[in-house]
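One structure below.
We call the chains A, B, C, D, E, F, G, H, I, J, K and L, going by the order they appear; numbering starts again at 1 in every chain.
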Amino acid sequence: MAKKSRKLRVIVLHGPNLNFLGKRDQAVYGSKTLDSINKSIEEHAAALGIEVATYQSNSEGSLVDFIQAEASGSGAIVINPGALTHYGLSLRDALQDTGLPVIEVHLSNIYAREQWRATSVIAPIARGQISGLGWRGYVAALDILAAD
Amino acid sequence: MAKKSRKLRVIVLHGPNLNFLGKRDQAVYGSKTLDSINKSIEEHAAALGIEVATYQSNSEGSLVDFIQAEASGSGAIVINPGALTHYGLSLRDALQDTGLPVIEVHLSNIYAREQWRATSVIAPIARGQISGLGWRGYVAALDILAAD
Amino acid sequence: MAKKSRKLRVIVLHGPNLNFLGKRDQAVYGSKTLDSINKSIEEHAAALGIEVATYQSNSEGSLVDFIQAEASGSGAIVINPGALTHYGLSLRDALQDTGLPVIEVHLSNIYAREQWRATSVIAPIARGQISGLGWRGYVAALDILAAD
Amino acid sequence: MAKKSRKLRVIVLHGPNLNFLGKRDQAVYGSKTLDSINKSIEEHAAALGIEVATYQSNSEGSLVDFIQAEASGSGAIVINPGALTHYGLSLRDALQDTGLPVIEVHLSNIYAREQWRATSVIAPIARGQISGLGWRGYVAALDILAAD
Amino acid sequence: MAKKSRKLRVIVLHGPNLNFLGKRDQAVYGSKTLDSINKSIEEHAAALGIEVATYQSNSEGSLVDFIQAEASGSGAIVINPGALTHYGLSLRDALQDTGLPVIEVHLSNIYAREQWRATSVIAPIARGQISGLGWRGYVAALDILAAD
Amino acid sequence: MAKKSRKLRVIVLHGPNLNFLGKRDQAVYGSKTLDSINKSIEEHAAALGIEVATYQSNSEGSLVDFIQAEASGSGAIVINPGALTHYGLSLRDALQDTGLPVIEVHLSNIYAREQWRATSVIAPIARGQISGLGWRGYVAALDILAAD
Amino acid sequence: MAKKSRKLRVIVLHGPNLNFLGKRDQAVYGSKTLDSINKSIEEHAAALGIEVATYQSNSEGSLVDFIQAEASGSGAIVINPGALTHYGLSLRDALQDTGLPVIEVHLSNIYAREQWRATSVIAPIARGQISGLGWRGYVAALDILAAD
Amino acid sequence: MAKKSRKLRVIVLHGPNLNFLGKRDQAVYGSKTLDSINKSIEEHAAALGIEVATYQSNSEGSLVDFIQAEASGSGAIVINPGALTHYGLSLRDALQDTGLPVIEVHLSNIYAREQWRATSVIAPIARGQISGLGWRGYVAALDILAAD
Amino acid sequence: MAKKSRKLRVIVLHGPNLNFLGKRDQAVYGSKTLDSINKSIEEHAAALGIEVATYQSNSEGSLVDFIQAEASGSGAIVINPGALTHYGLSLRDALQDTGLPVIEVHLSNIYAREQWRATSVIAPIARGQISGLGWRGYVAALDILAAD
Amino acid sequence: MAKKSRKLRVIVLHGPNLNFLGKRDQAVYGSKTLDSINKSIEEHAAALGIEVATYQSNSEGSLVDFIQAEASGSGAIVINPGALTHYGLSLRDALQDTGLPVIEVHLSNIYAREQWRATSVIAPIARGQISGLGWRGYVAALDILAAD
Amino acid sequence: MAKKSRKLRVIVLHGPNLNFLGKRDQAVYGSKTLDSINKSIEEHAAALGIEVATYQSNSEGSLVDFIQAEASGSGAIVINPGALTHYGLSLRDALQDTGLPVIEVHLSNIYAREQWRATSVIAPIARGQISGLGWRGYVAALDILAAD
Amino acid sequence: MAKKSRKLRVIVLHGPNLNFLGKRDQAVYGSKTLDSINKSIEEHAAALGIEVATYQSNSEGSLVDFIQAEASGSGAIVINPGALTHYGLSLRDALQDTGLPVIEVHLSNIYAREQWRATSVIAPIARGQISGLGWRGYVAALDILAAD
């Protein structure tokens, strides 16, 4: 369980290819760029009194490095693991090792696409998952964390 | 896609055993009763200018009957199918037949419990899914629908 | 095997969501309503000298109740189990317990849709199955029964 | 574990098609009717100083409703779930939610019939299971409960 | 979809071992010989104003040859693929390449026999399937095609 | 079916590690030793007018030897196969070869433990199975046999 | 069961690629050509007073044709189905339709090669199978048939 | 490959329950007792100039002990492993460790019975297998070994 | 490995339904007819100094016959097995028996279509495979063979 | 579909361990080093009037970074994903996001090695695949792209 | 957890066929005999101040008997279960019932041989496993136990 | 096999998240930090006259880079792949390409945790594996290598 710090600090992670939002198939992922989504997250967080640290990488190792470096000063993690959702077991271990509550977010409904996208190796160690609700899924995740 | 009515009307459905909330294992499902959750939903809906019609049944057939009766005047469906999540194919057909956007909500993280709870027959025809975030999952679903 | 009564009486059952025919996806299920199909069945039955008793329910329990109540005076059962085709084991037991010949009918070709629709738990205890030939499948079933 | 009430009250449930006992294949299910079995249960219970409440339904929802209504005044549940044994996950949740000890009874040996009958979704949350010993299985279940 | 020719011409194909009807196990396949069935088909077709071209072969390659040669002048195909039902992927491709509507017919109920008979590689590209209704299944197929 | 001898003689077999009862995990297997259980069985059998021959071995071969030696003078077998339940196919053949009715007993509920314990190779050739009801399961088995 | 004719006539069939014996990998299939094997079979048959009719084809359809043409005058079939062992379901049906006893022979041990060679679709309808004993397997099959 | 000794000595092993031949289901296993089969084997071996050492045990461990003790003076092994065919991996290792050619014999056709009997853990290390040809299968095995 | 003949001779085989190229779905298979493709192959081969022998058949047996007849004078095989790719084990054995290098060619990308098309029984014995690159795949195969 | 630029620019990617070519098992991968292969690719491209950009990395993240950086100015991608072929779902997404035609190349025949190498997660989104034809597979890929 | 006795006593068990070490395939198992290995174990144990009790049997039942007899005076178990590794569930239960720490040792690397050797039913209840390091694996196990 | 250099040099690799030892769940992984473990390894290596090169990375690509750079001067590799154990196929190829003996070490018993941890993609190409014996597993690996 997250220790509620004076001001809650939330790590917001974006996995591989999410830096391509806006260029990827917009029928699936929506038209907002990652910068635009991060800006919406930051504005909403500010309104909730939450501090956010956003990070994107195409490399599983870099995501693990970031989690290890930032976990100790943070109270929760919101993560869209991209395709690592389905095989990133090192990422899973890193998230679990922090002991922080993790909310997994997917822009698209991973249960209505290819069969292999319907299995998340992250979900079993997450507190919860929001799938298919677009960029507002991140906002909803912050709302939940703020309400704890 | 839901036709946005003058005032959005959302069907909120609770499947089998959810009327036992408060009596069911609170470590899994939380301590709020279904009445209390419905009240929170209604208050939040009112604040968003959304009309809600809540319904609970332990019978799949009754849920299908309700969906068929109420769909034409509504713009979206929020549903926690309870254990029907995993085998309620008639419920799935009924939801899909309405043509309305469906958001699937689970109080507990269905991916962190028994293996059979990790497969939803509803999710492939839903717009999205929120799992493991407790009663606030319903509220988040309304927020998304209101933002459309 | 059906005892050939003076005048053959056939139970015609429609499972969940079939009362929505005409509203469901017409590319899959055709444009006729259930009332219209039942009328065609009754007219064809009359021409064949067969008495029919039609019934639709969204509830598996109600279908089982109807079968138990009506079986003793009837000589055969024609059933479109809807989505119960794939998991309605109680319905299967009820049909088998009557000892009557059962013909399973599907409006759409269940072998050309989602994978889960390709397995029928009813078929192993049926005399035969007609799939994908629209409402005329019911008529064909009556023709077969009349020819016994 | 069941709290031993002054006088133990046991819910005895019969699932779909068990009201057809005596008409169903007697080589499999025996020749006694459900009324006859219930009478044997009641007589044996009386001899043991146990109160029983018997109920049969072809509808999973009704069984769940009954369990929810009767659980609080009872100390144990004996259930023959019929075909719901194999897919009635709502029934499973309802039984588990009561916190009462559950003994699952099958008239026939479910492990010596069709493959799908060999898996019970109820058994993992039951205290025990008696299969293949006919109506005396219910009596044995009462003996066990009385001896607690 | 079949172009309705002036007079509908239907290819009726019988796969391996169907020339042995009358000698094969009659409890499974009925007592009529293939000649007798073809005669019934032709008489029924004549009554419906349909022209039929019947063909039987024990060789998948010959069936494909026949389909390729006869497809262009025909409006539909009725086929009982015999054991090729379960592995005849070349036959499947040939049928699909014609662009004609295909109705698959089985004398016996393939879902009530050995497990491997319950999967048809033809069904996913067929318009529909009739199984277990004996030689009248061919007649029913013609009725459906005549009604288009 | 067992030939009812003048006085019914029942073989009661205990498989590997059951001689360690009382030392094995008591939360799973109960606190009674095998000697104590056998004594309870013998007393109950005497009250029912049944003769019992009890035997325990850690070796599948010895159990088979015992069954072969004792079957001809006996009318039924009650067996707790221990871990052989899950792979003892030689034991299964030996039991089946006797032609005697077999009741399989498990102290713990084998359906609520490790996945591999949920499959019994003995059950398909048994008359019935009692699982999870502790040492009283043996007593219940004798009651059933006495009532034949 | 084969009707023992005055003089037993046995069909000996060789499936695809067996005409290449002597050219195929000799470490697997031995060094004898098919002609040489057939000669050994005929000599042994003559010594046993058995008439044999040998046939080889690379085409499943031709093998089926031959079986249908020759079955009525014969008392048994010995067959090495070659690769059709693993998918020749039409061949299986043809063999079964004859009602004759079938002995399946393989030169190599099909259980010690590629995984897919370890499953025979012919074996379930055969009287027996001899695998891995080279060309003497045919001789052994004749010995068994002669001893009936 | 077996070193051909002056006079070939063959170990003939019978696994669990084969000492019950004559008492086991004769429709499956034939009517000859094991003693009678062994006598036929010995007579045939004598005619072929082969020495045989026969052994039966219900215990896998004893079979392994016997193989280890007798292998060095022998040139081949004929074994009917009984139910150990399907799980006796220690027996497999023991047979393989001898380096002798092994012929596996089954009285009944293991591919036409329960599904689990269709997989032999012995076959992959055997030279060949004879299944379903009754006691003459042993004789055929000796013929093959004598012909080496 | 192919023995490089004075002038390399390559067998080019086309399996079932490839004679329908130009009529089959052109979005999948392209618009060139088989004659046109063969002409392109022959022209390219001539330019490379390679002799080609092309052959098409809808029958697996005929393809095997052709391979057996032509292999001895040839140095390599290029084959598009059509649907036999997925079940033609006799074809596989025939190809392997030649000892020649085999290059498997598919016009369409078999890994981006129905699931069953993604498994080739030919590939494990081929030297290589070219899939999804249209008729130029044949040309590329010749280039590779010429470069050996 | 690739927009044909004035001069086609093709990204040629080499995944993990391909920089070790020449040191890796030469029987599997050939004796050319990666530098040598790249030189052959560049020479052949120059002859075809194609510009190539080659890149190798042992890190999936770096490959994704490179693809994202280089895609916009390029017309096609040729990739040998190394072991990422079998689990590199992030790489797959990156390739698919570019919208460029992708040709997958493997030096060895991935269908004739360990079972896990026979499944490519890249192939379903590729235009085609060339496997087992050594370094000339890259050259063939360029030929195909040049011919578009 | 093992209670550290004054002087640690360790049971060292060798399963089926390990008495054949030195005769078994030395490329797999090494050239040392079991006596030689036991001597090395004893010398190393003596140096560590550990008492060892070694035992080998080809019979699972005897191994269980030994464990039950010797467990109470011992502090740990080192076991090479031989082929019982893969199906010896009685042995597993016996080991687990002792409550002692168990270290599983394999001479060969069980993950680099036949597929069925890669699953150990013992490992889930062991403290650890050493595989593929030859007889020194036993020595390493003692070192670990001595260091507790 | 490792060429024994004048002084053996061993690469010791630690995969993702192992730099978090001491912070990760100590009940699973123990309380020592990675620095402390490395120090123990180095001291033990020094005592054995072995040189060690330790390296940790959260990135699979970096581990591959390190292996490629360091392999040529080393004689063996000891690796704890962390979660890459279960999907790091690039790491596997890199290890195998070195031709050095590899010993795989796991702090925890990977066979007694989540199901997915029980499969190692590294083990089939390793010389051996040590699992569940804590940091002393590294020491044992060095002992084995020193004894070669």
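The criterion applied here is as follows: a contact is a pair of C-beta atoms (placed from the backbone, for glycine too) under 8 Å apart; a residue touches a chain by one contact, two chains touch by 3 or more.
Computed from a prediction, not measured in an experiment: that's the story for all the values here.
J.: Quickly list, by label, the chains bordering both chain F and chain I.
T.: Looking at chain I and chain F together, no chain touches each of them.
J.: Just going by residue numbers, which of I-J, H-K or F-H has an interface where over half the contact pairs are the same as at D-F?
T.: I-J
J.: Could you grab the centroid distance between chain B and chain F? Build each centroid from C-alpha atoms only and quote it in angstrom.
T.: Measuring from centre to centre gives 49 Å for this pair.
J.: Could you work out how far the Cα centre of chain D sits from that of chain G, in whole Å?
T.: The separation of the two C-alpha centroids amounts to 55 Å.
J.: When you check chain K against every other chain, which residues touch at least two of them?
T.: 59-62, 87
J.: Pairs of chains that touch, anyone?
T.: A-B, A-J, A-L, B-C, B-D, C-D, C-E, D-F, E-G, E-I, F-H, F-K, G-H, G-I, H-K, I-J, J-L, K-L
J.: Touching residues of chain E toward chain G in the complex: what are they?
T.: 15-17, 19-20, 23-25, 57-62, 82-84, 86-87, 116
J.: Quick check: in the complex, which residue numbers of chain D touch chain B?
T.: For chain D paired with chain B, touching residues are 59-62, 64-65, 68, 87, 89-90, 92-94, 97, 121.
J.: Would you pull the chain F residues touching chain D in the complex into a rising list?
T.: Those residues of chain F that touch chain D are 103, 109, 111-112, 118, 120, 123-134, 136-137, 139-140, 143-144, 147.
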